[in-house]
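Paired with chain B in one complex and with chain C in the other, chain A is shared by the two complexes that follow.
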Partner chain A sequence: MSKTVFPPSINSRPVYGELEARPGSGHLMIADAEGAEAILDLAKATDKDFWAKAHVIYIPKNTGTKYSSQLEKLGAGQYYAGPSYEAAQSRIRRALQDCHMGTQVYLTGTESLMGQAMAEATAAGIPHTAIQTEHRGSTARRMQCVHCKGITEDVTTDPFECSHCGLSLFVRDHYSRRLAAFQGVRVDAEDPGNIPKKVELFK
Partner chain B sequence: MTIQFNDETFYGDFTFKNSDWAIKRFPFPFHEDSYMYSVNMEPHKSYRPGSVFERTFDVDEHYVAEMKDRARVLANDPLRCQSLPHMTLAGWDLVELIMEAKAAEYPDLFELHKDGNRWRWVNKPLGIDDTFTFLDESTLPYGPMEYITRQTQGDFAVLDQRDDNLWMDAGMVTTQADWSLDFDIGMNFFEWHAPVPKANEMGIFVRALKFLLNIQQGQPARRLNWTMTVNPLLDTSPENYHKWGTMKQGLTMENIGEKQHLRVELQTFFRLPRSNALVFPIRCYLIRFEDLVTVPKWARRLHRVIRDLPEELATYKGFIDNRPLMVEYLSQFDDGSPTSDGIWADD
Partner chain C sequence: MSAGTAKLNVTVAEVKPINDLVTRFKFVRTGGGDLPTFSGGAHTVVEMQDGDITRLNAYSLMSNPADRGAYTISVRRDDEGRGGSKFMHSQVKEGMEMVISNPVNLFSLDLRAKKHLMLAGGIGITPFMAQMHQLTMMGGQFELHYSVRNASLGTYAEELKAKYPGKVHIYHDDQDEAIDLNTLIATQPLGTHVYVCGPKGMINWVHGTAEDMGWPREAVHSEEFLAPASGKPFEVKLAVSGKVIQVGEHQSLLEAIEAAGVDAPYLCRGGACGQCETNVVGYDGKFLHYDHWLDDEQKAGGKHIMPCVSRFEGKTLVLDR
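For the complex of A and B:
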């Protein structure tokens, strides 16, 4: 699966690039699922020294062991595979805290992973010029319910049910980098019960 | 001047009402018989005594009731007021701006006594008499922005300026036209305006930002914006949209004059001296259709504007479904005669 091409959208919606190995005092790579492919692609143009200074944090999600053994073989100074973003979060925070001036940060995989890790990296004071992103894999969205504020992960349909309050929400393109989430708004607010059929918009 | 403050509500039984004085000074936003986006900025200078443009921060008969409504909304949802940590100084700048302006322009309602950094603030309509140390947060019951904006009508967005952009890094937002501070906080100028249709393609935001980045101290600017609201509901927030959305249903020719309100925002922009932030007060004025049509020029013009508004705008402003009824109601007051230029009623 190659890099995702998204349709044109509004100004708050993030855009992603393509990872490239850059010179740096260290390399922190945070990826989930098919994001592994972007790291493996990047690895084609790197040498052993590059990986000695690398820390790879990988969350396979539903890809099982498809990529993890290949990633491990890259020979990163530190390699970690975790079961979920939440489980990896404290490690991610610590890794960001330990970054020295000149460390390059690479984020790849789903928007949810990149968005959350980006917010952490920004909060840790990493300059945005030292952070690269590349989208790979699922286009499912991380959504915030504007009413109850709960986050629903991996949303693939519009409308969808908020996993916290149960309201049917429509999926907006409006995106908050602070929350790393798109906004969901009750679809039948003006006419309760009149809920349009779900359409699978994201895979 | 003495203002008789109304005892009224902006939710539940909706007893909000404009006096004849308030109707006459309503900031009607259309200077011609059609509407399209523009960067309609002008200097925020004192203009037309008695109008909402006369004073730096207009205080009217709704002041006390609006502040009660704000306290109610904040009790239900404290996230309507937020300030990122680097914005505290801008909050103090705002305290100074508002207190000095109100004390100077409404001496019978507000007093500010300074003894060095020891300030005494008297707000007679709200029964407040506080003494505090300027720039010392521990001497106020709230953060500085929250303290003063609990006493000032209108929403407030406090914008940090850096990287040639403006960042929505603090705000008090309880009377908004359907946008969420909690979601938008931290966004830059282009991001928080992203959902607005058409204006981006028209280059409106690039030009508006250029203008705003160059606002100087002591040279505030203003513009009017507008939308429509059913019932005099100040808190038309996305957070509560699932509670107020249904109010848009059930309009009839019999009740539309009373229930449908034109909602006008007087937006002003001030450069703040210590923080170099920009404060963007967004003051909401409501008027029910049946009061608005008592001014013949406004009735004719509003009919034409609403009738001819591009569909995208009517959709974005949330009244596309009710537009046919609005047009039918307003057409009764439009005899087709010409209207004079400008926003003011004919004498």
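For the complex of A and C:
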């Protein structure tokens, strides 16, 4: 699966680029699932010295060992594979605390992972424009219900039911960088009960 | 009135020589009252009536931004310069009335930074003095590395060391002391922004080192005011006002436009801010672009000029002014 191309949208919707190795005092790479492919692609144009300064944090999700075995072989100074973003979060925070200006941050995989890791990296003091991203894999969305504020992960249909309050929500492109989530708004607010048929928009 | 050129009538309250080259001037509002607030890094444009010539030079405000009672600036005498600093040193006396612009800030602190690393060379210390006042009030974290020629020309160096113990580091050229930039740039905690004000070589050195070491462009800030370069006299036609003006050898294009009574916009008068950007209607000749504003493509395009510092050589130049 290669880099995802998204249709043009409103300014609020994040856009992603393509990872490239940049000079830096360290390289913090955070990826999930197919994001591993972007790291493996980037690795084609790097040498051993690059990887000695790298810290790879990888969440395989449902890809098993398909990619993790290859990532491990890159020879990163530190390599970690974990079961979920939540499980990796304390490690990400600690890694950001320990690094210096000049460290390059590379985020790749799902929007949920990139958005959450982006929020951590910007909170640590890196300007968001200096953080590289590349989308790979699932386009399922991390959604915030604007009514109950609950987060629903891996949303693939529009509308969808909020996993917290149960309302049917319309999936907007309106995005919150702070929450790392798209906004879901009650679809039948004007006409209660009139809920359009679900369409699978994201895979 | 041109953008950003709202004027303040001030009286010189104090003229204090600091060392062989630098004199400090303190301005209060003529007739009393508060001056506008400013933020650390701001400058003011001082108008000097030097005989028939009106000189306008930008100087960084170095006083406490919270003190609205007075502004202070420090002027380094440049004997090779066009005369503005010499005028300040020789003609400006206590009690004299002068006109200065409202403060304008093109070198402000990025308050999202977790730490501010300041690098000053020579008289480039002045904007940092206001910024350090501001950060001290806000409880911000900073560190100053200040490079001076020798102890006697180390303007405010001792005063700053005493005022901010542990945060101010002085380097004397004559004792072969130099800022260890590689180590400084390599060891800053995440969220640090670096600021540099000093000679061009120092600014390029900091930008280049930070870029090589992977620093984000957004975290590197610099300020350098250019003095307008002298050059061959040339003639310019102003299409809108229908005037033909002569730009003298030691006069800038902007000064010549102003001398002809045409109101042109400006802010920094040093090629940095972009306010005076002027459209070129037609030309036959060669542009001498000296500004930091236009990109290389625009400089080659022949459609824009920054009259505060840039010049022209050739037959005809027609400007949309």
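We take it that the second predicted complex is superposed on the first by the 201 of 203 C-alpha atoms of A that agree within 3 Å, B and C clash if a C-alpha of one lies under 4 Å from a C-alpha of the other, contacts with A are read in each partner's own complex, and residues count from 1 in each chain.
Definition applied: contacts are C-beta pairs under 8 Å (C-beta built on N, C-alpha and C of every residue); 3 or more make two chains touch, one makes a residue touch a chain.
Bear in mind the structure is a predicted one, so any value in this text is a computation, not a measurement.
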Look at where chain B and chain C land on chain A after superposing the complexes, then choose clash or fit. fit
Contacts for A:Ala45 in the overlay, against chain B (first) and chain C (second): which applies, first, second, both or neither? neither
Could you say whether A:Arg13 touches chain B, chain C, both of them, or neither, answering first, second, both or neither? first
Quick check for you: in the superposed arrangement, does A:Gly102 touch first (chain B), second (chain C), both or neither? second
Which touches a greater number of chain A residues, chain B or chain C? B
Let me test your reading of the model: by the given contact rule, A:Ile126 touches which partner, first (chain B), second (chain C), both or neither? second
Using the touch definition from the top, say if A:Gly24 reaches chain B (first), chain C (second), both or neither. second
Computed vertex angle (chain A) for partners chain B and chain C, CA, steps of 10°: 60
For the superposed model, what is the least distance in angstrom between any CA atom of chain B and any CA atom of chain C? 6
Listed in rising order, chain A residues that touch chain B in their complex are 10-13, 144, 146-147, 149, 167, 172-179, 183, 185-186, 189-192
Looking at the complex, which residues from chain B come into contact with chain A? 79, 180, 182-187, 190-195, 200, 238-242, 245-246, 248-249, 321
Taking the touch rule as given, give the residues of chain C at its contact with chain A in the complex, in rising order. 112-114, 185-192, 212-219
Touching residues on chain A, where the partner in the complex is chain C: 22-25, 96-97, 99-104, 124-127, 129-130
